[in-house]
Amino acid sequence: MFDFLDLEQYDLFGAFWTTVQLTVYSAIGSLIWGTLLAAMRVSPVPIMRAFGTAYVNLLRNTPLTLVIVACSQGLYFTMGVSMGASGSENIAFRLAVLGFIVYTSTFVCEALRSGINTVPVGQAEAARALGLNFSQVLRLVVLPQAFRAVVAPLANVLIALTKNTTVAATIGVAEAALLMRDMIEREAQLIPIAAVFAFGFIVLTLPTGLLLGWVSKRVAVKR
Amino acid sequence: GGGGDDDKISVGIKYDQPGLGLKTPDGDFVGFDVDVATYIAGELGYEPDQIDFVESPSGDRETMLDRGDVDFIVASYSITDERKEQVDFAGPYFVAHQDLLIRDGESVPNEEAIADLTLCSVGGSTSAANLAEQYPGAGLEELGTYSECLTGLENETVDALTTDDSILAGYAAQEQNQGKFTLAGLSLSDEYYGVGIPKGETERRDDINAAITKMVDDGAWQEAVDEHFGPAGHEVEPAPELTETS
Amino acid sequence: MSDAPLTKDPAESAPLAEDLVVLESVDKHFGALHVLQDINLTIKRGEVVVVIGPSGSGKSTLCRAINRLETIDGGSITIDEKPLPEEGRELARLRADVGMVFQSFNLFAHKTVLQNVTLGPVKVRGISKEEAETKARGLLDRVGVGNQADKYPAQLSGGQQQRVAIARALAMEPKVMLFDEPTSALDPEMINEVLEVMQQLAREGMTMVVVTHEMGFARSAANRVVFMADGRIVEEAEPHQFFDNPRSDRAKDFLSKILQH
Amino acid sequence: MSKAASVLYDAPGPRAKQRNIFITIGFVAVLAALAYWILSELGDKNQLAAEKWDPFFTDSRVWTTYLLPGLQETMTAAALSLVIALPLGAVLGIARMSDHWWIRRPADIVVEFFRAIPVLILMVFANQAYAEWSTIDREMRPMYAVITGLVLYNASVLAEIVRAGVLSLPRGQTDAANAIGMRKGQTMVHVLLPQAVTAMLPAIVSQLVVIVKDTALGGALLGYGELISNTRLVAGNYSNTIAAYTVAAAIFIAVNFLLTYLAGWLEARIRQGRRGTGAVLSSDLAEETQAGGAGIAAPTLDKGAGLPDGTDRPAAQGGTAAGGDGRTGGAGGREPDDPDHVS
Amino acid sequence: MSDAPLTKDPAESAPLAEDLVVLESVDKHFGALHVLQDINLTIKRGEVVVVIGPSGSGKSTLCRAINRLETIDGGSITIDEKPLPEEGRELARLRADVGMVFQSFNLFAHKTVLQNVTLGPVKVRGISKEEAETKARGLLDRVGVGNQADKYPAQLSGGQQQRVAIARALAMEPKVMLFDEPTSALDPEMINEVLEVMQQLAREGMTMVVVTHEMGFARSAANRVVFMADGRIVEEAEPHQFFDNPRSDRAKDFLSKILQH
């Protein structure tokens, strides 16, 4: 039943490796941009708060497929922005990573903000009462506690991101879902193929969840 | 009949391929495949208003036939050996060739030149796979739909869109695109479009084959070709020999 | 800490003549709620003022306004004759000069006791880490939790946490200390250990504003009792006079509720 | 509050206000430049041409043939998915809190399994399963498959939301119910679930938004005629991919905004006048329970004087309500994960 | 409520002879922590027992064990001569016979005051809604919050909430009432209004176990004071004897901490 696994034309590991790469680059980018967005949303400057809020609300409400397609269709195919890459494979990969960052960062931002919300008011007040300024309050007191509270929600964002990389298939990034579509098209053995890919994703996501769940308990701030 | 209703017939077509099968703003279906399907259904004794057109996405076609969701499929369905293990075909009713769609005024002199081009096709399609195999040097963007490829072609981020010439001609013939694109006229492969039918329905196959023959003979076939591919200025080969006979 | 600890019998000793904190016709609204209404209050250097009053009367808001954790809508607040700065470096410097101790301790949960105490001096005062630590250990010893320096707040009892919070405030060498109900989140047995540290501070001459319901402390340590109700200062008096012979009805009523049991 | 005060920073003074104005000008300038660049690039490439956009304004058939039916399919699938997933999720969530391992474990496995697999693969599975083992006809099958995939995934997520919602309630609520002699089931039905629902509402809505967006996954592979796949037809007909997708995105954003708004309104109505347990589980706030290992009592930055654009809770809700003995949250040391509303 | 309210001077009246709650060598661990160690305690019908002791000494656990909100590891607890049932319907019935009032009120936040009081009688006792409401209104009047019946708990002050909680427990007509620090989450002005309701209950003959730090209440209302430390009952005595002349060092030490201020 699983004889298609032997076929040399299907590079199963290569495809999942691309999935992993997509996930890793997007995760790093989302973390950075998401943190900046979160800082904007709690900053003293009204325009930044407004921008952060608008950005998050718009992007969160848009289907990921459209975000990815917009990167490909709008940014590259229309405006010719290839982000320094050459070769269609590379360009598509980078566009996909960009799209994932643009989208996933909103969830990172919200997770961080909720993490900030788990820090009791008194912590920030005590810090201000000592004479720390905004950035010191944020850096020395609030964020260190927020980040610890936020490992578990961020783990969920990471898992969702891993699964979401399947959407990159729409713009031709050769990751797992594209290969799956290919194999379904040609092998006509849908159930075993889908089973193999489901298993692949479980292998990727379950350990991530367990590991980060464990980490979140380890670093949790005791109050 | 698959739809359950005896006085109706369900036919699988594509909804999103200009020239072959396209759902128009009026909710009607137009295209060469649609005409062929309508003609065949007529020969089988069904009036046009008794036909249920059903969208049959590429990945779903075998299943739909297998389950009897549709009576037959006319959806740029290339006859291949793998597919013949699961379904039967009638026809072929059309021979298409993989070709390139390029901006009007440009040209691709020969097949070797393809290796220097950046092309675009739909992910997972036979044409994409073909190209990757034959011209590993060529750039290939694999997108979700051909109209997304057109954006790139229009804005010069890709040099050509590649798939079956029938589909390309359909796009080139669209009102908004007339005068913008042209076919390169290469013939990178032969795709024999068949009418997909559930396995083992030999009687149905004979009837459909007869209908196809009749359509070619009475000129309706040529009329449909002219209507749908003509505006693109695309030369279509005469109807192929029937090969899928019992 | 003030450098020259002076012994005083707070109930009797005449406070030093110098005005340290002066509030003049201070007003503050929360939306429609007028929480501070025309507050005039002067706190002299070395004085211990206890603020009491029913819940919601604006005691906490008063404390927070002195530290500018809340802005005020009208009137003025000066500390050491300088008006409260609006923002920036000067505001930070002012806050460093005004120590604050909260009802709920508010120790930084992710830092050890020692780090809690050194954070301010190092980051705000710019003192070297070694110096800050030496001083911090001294302060922790003084409040009686010297041996807990490397624990995290969650590992301490409430009383210990509050004493660390006092040490944290003292580490900034403030001119005045504000206490907002420092013992009301504590288990009864722990209240005394905190009150004792505060008594000690008072004896050493620290200027203190204390919101509390601990009448014993008010009687023994305060120079003055300020009674607030509905955002106003209703009565100001020496402790023995206030407790034994309150003038206003509001205060009489309040004391009857509190002292009966 | 009149001034944009926050617990993180001070109310801006005159200098801060001036600085804010400069930052605002700079920020707006950058945004405007970006917008100008994008628009001019699109203009250069003829993407702003009337022929690409006109169909949406002049040709009502674009709406009646493609977009509106697509939107209807999207909403139907989303609504059905939610309606089925919600009770299923509640059952799973309650099962995960059971005292009996033989109820708890299977529920754990189901939830973890379906949360680990991309929804797309679930839909493909479902589609094939229906094709092979059911008589659902072709017209309905993609919809069934889409709904099944969405239900399996979202029921698992909702199970976590329900669990987090119940665990976010102060332990005292259970104690009090037990103390007047209510049994486990009665406590759940009369005391915990009604309160948890209010706490969970924001999380449920953000899940509904996820569902609406995820219906799009069924379009490409299964040929389900939802909004995005119908948008592709528009693009195929009018060769205006960018315009078509832009309109589709606008529709999604509008619909999801509306949903969020309705939910906010609903929540405000349910909540009216009866806050107090302090349990609030906004879309991203399940962690409150996590932090609650030592009592949810402490008001958090969000509940207290409030972050700017934080939620609309009134300030200074001192949390005396939650048990004073400091072990309110984290019943049995099991912490609810943040229901992942990302997809 | 007991039907025949009897007046008693709690400090002197001999309690009725009948044993209502009996704990015999009760043991309880939390992991390695031995929180209840060999507890023997008998509470007679109509008796008011005040439990005091330092934080963490096991007072709450004791209360919760009597209501079986916590299971015990060893020993036995009987109520009205029936041992505590393990689970199910009988356990629920027992709990309905034992009223409990918590430090943090724990009113059901989504129900009105009236619904809070009627929920138990209707769902557990199976009384008709009308009857339950009539009775509930009577009880609410008795604790002095009759006019708040249709508000939600969050709209009440702490003192009012706690009185509703008492009414909720009374509505089940319990044989014994357990109070776990009923006043320690309250603002000082509200403590008395709750203590008065409890005094009244005691006078009417309700059997009560009260964990509290309110010494005034203990002196005036208790028949007996039980002093716990480290999970053990260290001393049991009449209130005046305990407060004026504690026997154990542990109790002396504790009282000195609590009473000093």
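Order of writing sets the labels: A, B, C, D and E. Residues in every chain begin at 1.
The definition used in the following text is that contacts are C-beta pairs under 8 Å (C-beta built on N, C-alpha and C of every residue); 3 or more make two chains touch, one makes a residue touch a chain.
No experiment lies behind these values; they were computed from the predicted model shown.
Following the contact convention of this document, D is the list of chains adjacent to both chain B and chain E. Ranked by how far their CA centres sit from the centre of chain E, the chains are topped by B. Sorting all chain pairs by how many C-beta pairs they have in contact places A-D at the top. With centres computed from CA atoms alone, D is the chain lying nearest the middle of all the protein shown. Chain A and chain E, compared by their mean Cα positions, are separated by 53 Å.
Each chain gets a centre from the mean of its Cα atoms; for chain D and chain E, those two points are 44 Å apart.
Taking each chain's centre as the mean of its C-alpha atoms, chain A lies 17 Å from chain D. Chain contacts: chain E has no residue touching two or more partner chains.
Within chain D, residues 10, 12, 16, 45, 128, 220-221, 241-242, 294, 298 each touch two or more of the remaining chains. Contacts with at least two other chains are made by residues 59, 63, 144, 148, 151, 155 of chain B. Chain pairs that touch one another are A-B, A-C, A-D, B-D, C-D, C-E, D-E.
Partner chain B is touched in their complex by these residues of chain D: 45-46, 51, 55, 59, 61-62, 65-66, 127-128, 131-132, 137-139, 141, 220-223, 225, 232-233, 235-242.
Across the complex, chain E meets chain C through its residues 54-55, 187-189, 191-192, 195, 213-214, 216-217, 254, 257-258, 260-261. Note for the complex: chain C touches chain D at residues 30-31, 68, 70-71, 85-88, 91, 104, 154. Looking at the complex, you find that chain D touches chain A at residues 4, 6-10, 12, 16, 20, 23-24, 27-28, 31, 38, 41-42, 45, 47, 112-113, 115-121, 124-125, 128-129, 209, 213-214, 216-217, 220-221, 228, 241-242, 245, 248-249, 252-253, 256-257, 260, 282-288, 290-291, 293-295, 298-305, 307-310, 335, 337-343. Residues 60, 64, 67, 69, 88-89, 92-100, 102-111, 119-120, 123-125, 151-155, 158, 165, 168-169, 172, 181, 184-185 of chain E are the ones that touch chain D when the two sit in their complex.
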